[in-house]
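One chain, chain A, appears in both complexes that follow, with chain B as partner in the first and chain C in the second.
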Partner chain A sequence: MMSKATKHLFFKEFSSYFKTPLGYVFLVIFLFGIGYLTFEPGRGSFFYMREASMASFFRYIPWMFLFLIPAVSMRLWSEERKSGTIELLLTMPVTVKEAVIAKFLASWAFLGVALAGTLPMIITVIYLGNPDLGVIVLGYIASFLMAGALLAVGGFFSALTKNQVISFILTVCTSFLLIMAGSPPILEFISAFSPRYFVDLFEALSVLNHFEAIERGVFSLSNLWFFGVMITCWLYGNIILVNENKAN
Partner chain B sequence: MSKRNENYLKVILGLFSMAFMIYIGSTLFKRARIDFTEENLYTLSQGTKSILSKLDAPIKLKLYYSKTAANKGSEGLRTFNNHFLYVQELLRQYVGNSRNNLSLEVIDPRPDTPEEEDATAYGLRKFNLTETERYFFGLVAENESGTEKIIEFFDPNQKDKLEYDLTKLIYTVLNPQKKNIGILSSLDVISDEALSPYMAQIMKLQGRPINDSWMITKLLKELYNVKKIEKETDKISGIDALIIIHPKDFPEKTLFAVDQFVMNGGNLMVFVDPTAVVDRGEEGRRDVSSSPDSNFKKLMDKWGIELKEKAYAGDKYLSGIGNSLPNMPPTRMLPLLECDIRCTEMYSDNITAGVNKSLFVFPGVLSTKEVDGVTYTPLMATTKKGNSYTAMPFQLNNPQMLWSNFNEGTEPVVIAYKAIGKFKTAYPGGIKKEKKEKELKLIKESSKESAVIVFSDVDFINDQFAFKKTFLGQGVANDNSSIFLNGVEALTGDVDLMSVRSKGRINRSFDVINDIEFEAEKKTEDKVKEINASIKKVQSELNQLGSQANAGNIALLQNEGLKKKKELAKRIAVLKKELRAVKREGREKIESIGKMFQYINTLLVPALVVVFGVFYTRRRNHLVRGRRLKVEGKDKKNHKLMEVKA
Partner chain C sequence: MLEVNSISKKFDNFQAVKNVSFKAKQGEVLGFLGPNGAGKSTTMKMITGFLDSSGGDARICGHSISLEPLEAQRNLGYVPENAPLYEEMYVREFLEFVAKMREVKNEKIEERINQVIRMCSLEAVEFQKLETLSKGYKRRVSLAQALIHDPKVLILDEPTDGLDPNQKHDVRALIKKLARDKCILISTHILEEVEEVCDRCIIIGEGEKLFEGSPEELKSKSNKGRIQDVFRAITTGQKLQGVTL
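Showing the complex of A and B:
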């Protein structure tokens, strides 16, 4: 379980999102953006499809996260290092590991709040038809897990550099690569110069494939393992980098 | 190594081990999974598992999919990738449940390779994408003894039938011997010999009638030995189940043979119909073709199932849209009963389990009368709001008249029954035999249980309503053929394959919007009716004026006629305006619902977030200010005390 210090840090970090306009701006952009894309005028739009499912909603979640999660994660450590508060933070009775976990969990919880803000969408599909609620719940679980994985990536790059902009760009690039890893053009590109098992390995790293596998309605241990390993490993890197860079 | 380098090495190693762990995990834990979909799309049904458990020799599955070609192809072709993933996932489940008897090989046949040659040799369907690229998406199942069955192409539109197709493939590899089915019908549902397309073309050119089998019997032949029972027959034997379609005008000895077939424990499926639309008979004949006739009714009496005369089962909420006559616009029609899960979920019988979309045309109303030792199970019925309605033959082509004969009901109207038990003969005294005929042995009561399934529609298994033409040939249009095949399987005892049926057709359309459209359509129809009535009225008035015309009053009448025409034009203009308004009203209602939900989902929650933010910040500022004032107050007090002390 979380130590008292971690808990305290978690609540402090979590509430900090609501003390600055940044948190609100993020929530408003995310909720407006995902709502707009779901109902966007076009053939793939929710109302055009006339199907009581949230497929057209979940389709855009990875692309919304691609830009918004780096925006949340970029300030996790870069800001602390730039303003020097990292030293203050680490003089408190809290280890680097605890601090990294607390900050990560607080941001993850904040993203959870953002996802919870899309609740009217569930009410909409229930009102309009007869949706498969199991699949919807899994869609949310998949989104939340994906948010965790991308956030862990963001945390890592935030600890790597003092500059928030660089952290943002690096996270977007890596997230994009991880999302697209299983897509045909990238696989074809890799298969041109590398052996088959390397292509399979790259395909297994695809966030989008695992997200879609859960979102389709099947919860597999391999998908849970994927997100678990992703979060743990990137957080481990994050801890090492904070340890390394705390004095810089 | 410096501490810094050591840390960076740790990070790099960490990332590599992450990739490795994910790769290992994705292979190891693939099978540990829970299917959360309502239709259990990714879970094998009990029937499939049962068939897989009977496997005792290895079967090799080769899934051919031109992945590379698909990725290079158009956007439309890339959507096949999703279907491929589904097929692959399901096949993995098959392999996982086969106790290592099934093995799966996924092959991407590239141009000019032995794999491509094999795919062509197996007979898989080939699509030429470019001059070099060819596209395959099929499956081959082979056992050790060389039996080889294929699915030549996986059509994404038949996704819900996928498990059935795959299980059928394995079942046919497992059971190459077929069961025997007899078909007795007053219609030409089964031709004596299969016509080659070439012969059919020649016969067509010669103007000869083409007597081709119904698609449903062709489908049946894939799974069974199908035997045509002649209309005049003494004895029915050597078959595992009997199907009777549209029973009428059968001679007594045939009816007796049917009766005795049941007495011998034979299983039977009967299709009767108060109005068989497909039985057009000779050219120009316009009377209604109904079954059963009074002689067959005697048999049905003994089975305890009765078809109400000249009555039809209707349901406003299940009515389909169609054209009553070729030149008429499509309207909602009471005779078209589009059954979905609401028709079957109450009865949860294996024959109709998972059947979500079927179409019946003028289905009749079935009822039962209790026969000792027989149990009756309804298989399909209308919803509670359905009801029976009667119609005279001249009303059948007039949807409006049929609607006016219909009132919403309170109880479901049954259109299919299953009766299982020991029946009694309808011929306790036997039948009179003709000279030179052998004495027929009479069984008065069946010694073992038999099953009789009765459907109150014949049309639904006809090509016109059960199948559709696709660019890949004839494809199933709905679950009608599944119902038929389920029934046959139930009768021949293949319960395993029976429980594997279409899944994933639960209706998830916007019910609220459908209701609004339904109401708007009805209103539109009323308006159109009003307009037509006005035109008719003025027309008859004009005719009347015309008939009164003579040399003296022709000018006056012409004037009168013109006046009436003008009045009619005005009236029609007003009604058309109202018609437009009704249509617009329906459309606007739907659009406004769409807009409302769009606003709620795009603006409401962000607005609430902003309001919360403002409120929370103000409250915090207020608290902080309060605390600061308190602290300042304390400071001042302390300061004063210090001063006093000093």
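Showing the complex of A and C:
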């Protein structure tokens, strides 16, 4: 249950995306980018596959998120600290935990709006054929959960530094590592000097593996659990960092 | 109403504030003086709950800031140094946001916003974006947000810094008006301000309380009545001609 302070801060943060050009620039680049990648006339594109599914759309979502989510999350705490408004915010009757959750949920809801902007693609697919709507819905759930996990990573790095560029770069690097953790080249590299259980652990941390499992239509509790734990842990780190760094 | 007991703050090996204690009651304006880096802002940040203290405590209307921070914060209004604001918001929208966060009842929000806009003379800019306002107006908006929930204790960190003489006069007049039913702690290094608005003042240097008394007492320590000489003698430890500490 959200406290009143969390709710008010959530609405203020959510509406702030539409008061600065950042929100609109993000939406335009995201919708144009994902539209182009889905329908571009290369291998594996929508038309090449000749099937009524959104597989090509979901294939590119992680890579769009890799660069665009850090752009949304980089300002979450860096800007508050740089402009000094953090002092204003945290002397109101609101706890750091509530503030972190409100800001995270607002950015997640904004990502939800961005994903909702791609709904015409579903209409296109339905118009052209007879797609499995269950798989499409699961694909969207997986995309939304992955967006939450990467936003939580971004919020953490945003609380680490006042500099938005550094926050952006650190989030991109960490997100890339988390997305690629299960890929064969990285696992091979790690297995060269690590024991087997460490390689398994690393593979289990792969955001992409869990995303693809849901996107393919396998919705298991372990995948949901993975994203839940991921978001909770990074948000917990975020709360600690805001407490530690607020005065600097 | 405001009670600070042996509050201290240590950053790694640096002791920024050392066992500072004082009290202030309703209707009193307490001036907080000291050179730059003396620990004024750090003390204020601890009183408001923004910073955790390394020792000691502050009580606002009987509520401990370390044990019941939210209850204590409900009773205080705070104008941080340099008056930071959410620049992308409009004046009224910003005040509405603060009113909601400060738990002003929905049916009272409009009325309170109109009151603080009148009190802080913001009528000319109430529909403007904060980023377009002049420094003077930004200070006044910051003061307005601190007053929106009609708090009993006001903490003002250099509220007149960077204002022109007319604006300083207006802000001081407002502080005097507010002082009737509130307890106000105001930090400044403008000594004329102390004489004009404060009932009592505290001087701190290198984190320690060096003086507590009325502006008249401070003035009487100089045979020429020069408050700045007394301030210099207290904060630097130098012996100045005509000043008896």
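Brief remarks on what is shown
Methods note: the second predicted complex is superposed on the first by the 248 of 248 C-alpha atoms of A that agree within 3 Å, B and C clash if a C-alpha of one lies under 4 Å from a C-alpha of the other, contacts with A are read in each partner's own complex, and residues count from 1 in each chain.
Keep in mind that, in the parts below, a contact is a pair of C-beta atoms (placed from the backbone, for glycine too) under 8 Å apart; a residue touches a chain by one contact, two chains touch by 3 or more.
Being a predicted model, the structure only gives us computed values, none of them experimental.
In the superposed model, A:Lys19 lies in contact with both chain B and chain C. Of the two partners chain B and chain C, more residues of chain A are touched by B. Shared-chain residue A:Phe198: touches no atom of chain B or chain C.
Of the two partner chains placed by the overlay, only chain B lies in contact with A:Gly35; chain C stays clear of it. Contact with chain C, but none with chain B, is seen for A:His8 once the two complexes are overlaid on the shared chain. Of the two partner chains, chain C is the only one touched by A:Thr85; chain B is not. In the superposed pair of complexes, A:Thr95 makes contact with chain C only, with no contact to chain B. According to the touch criterion, the shared surface of chain A, contacted by chain B in one complex and chain C in the other, consists of residues 19. In the complex of the two chains, the chain A residues touching chain C come out as 4-5, 8-9, 12, 16, 19-20, 83-85, 87-88, 90-95, 246-247. By the touch rule above, chain B contacts chain A in their complex via residues 3-4, 7-8, 10-11, 14-15, 17-23, 25-30, 32-39, 41-42, 67-68, 71, 78, 81, 89, 506-513, 594, 597-598, 600-606, 609-610, 613, 616-617, 620. Across the interface of their complex, chain A is touched by residues 45, 48-51, 70, 73-74, 76, 78, 80-82, 84-89, 97-98, 100-103, 145 of chain C.
Within the complex formed with chain B, the chain A residues making contact are 18-19, 21, 24, 27-28, 31-32, 35-36, 38-39, 47, 50-53, 117-121, 124, 127-132, 134-135, 137-138, 184-185, 188, 200-201, 204-205, 216-222, 225-226, 229-230, 233-234, 236-237, 240-241, 243-244.
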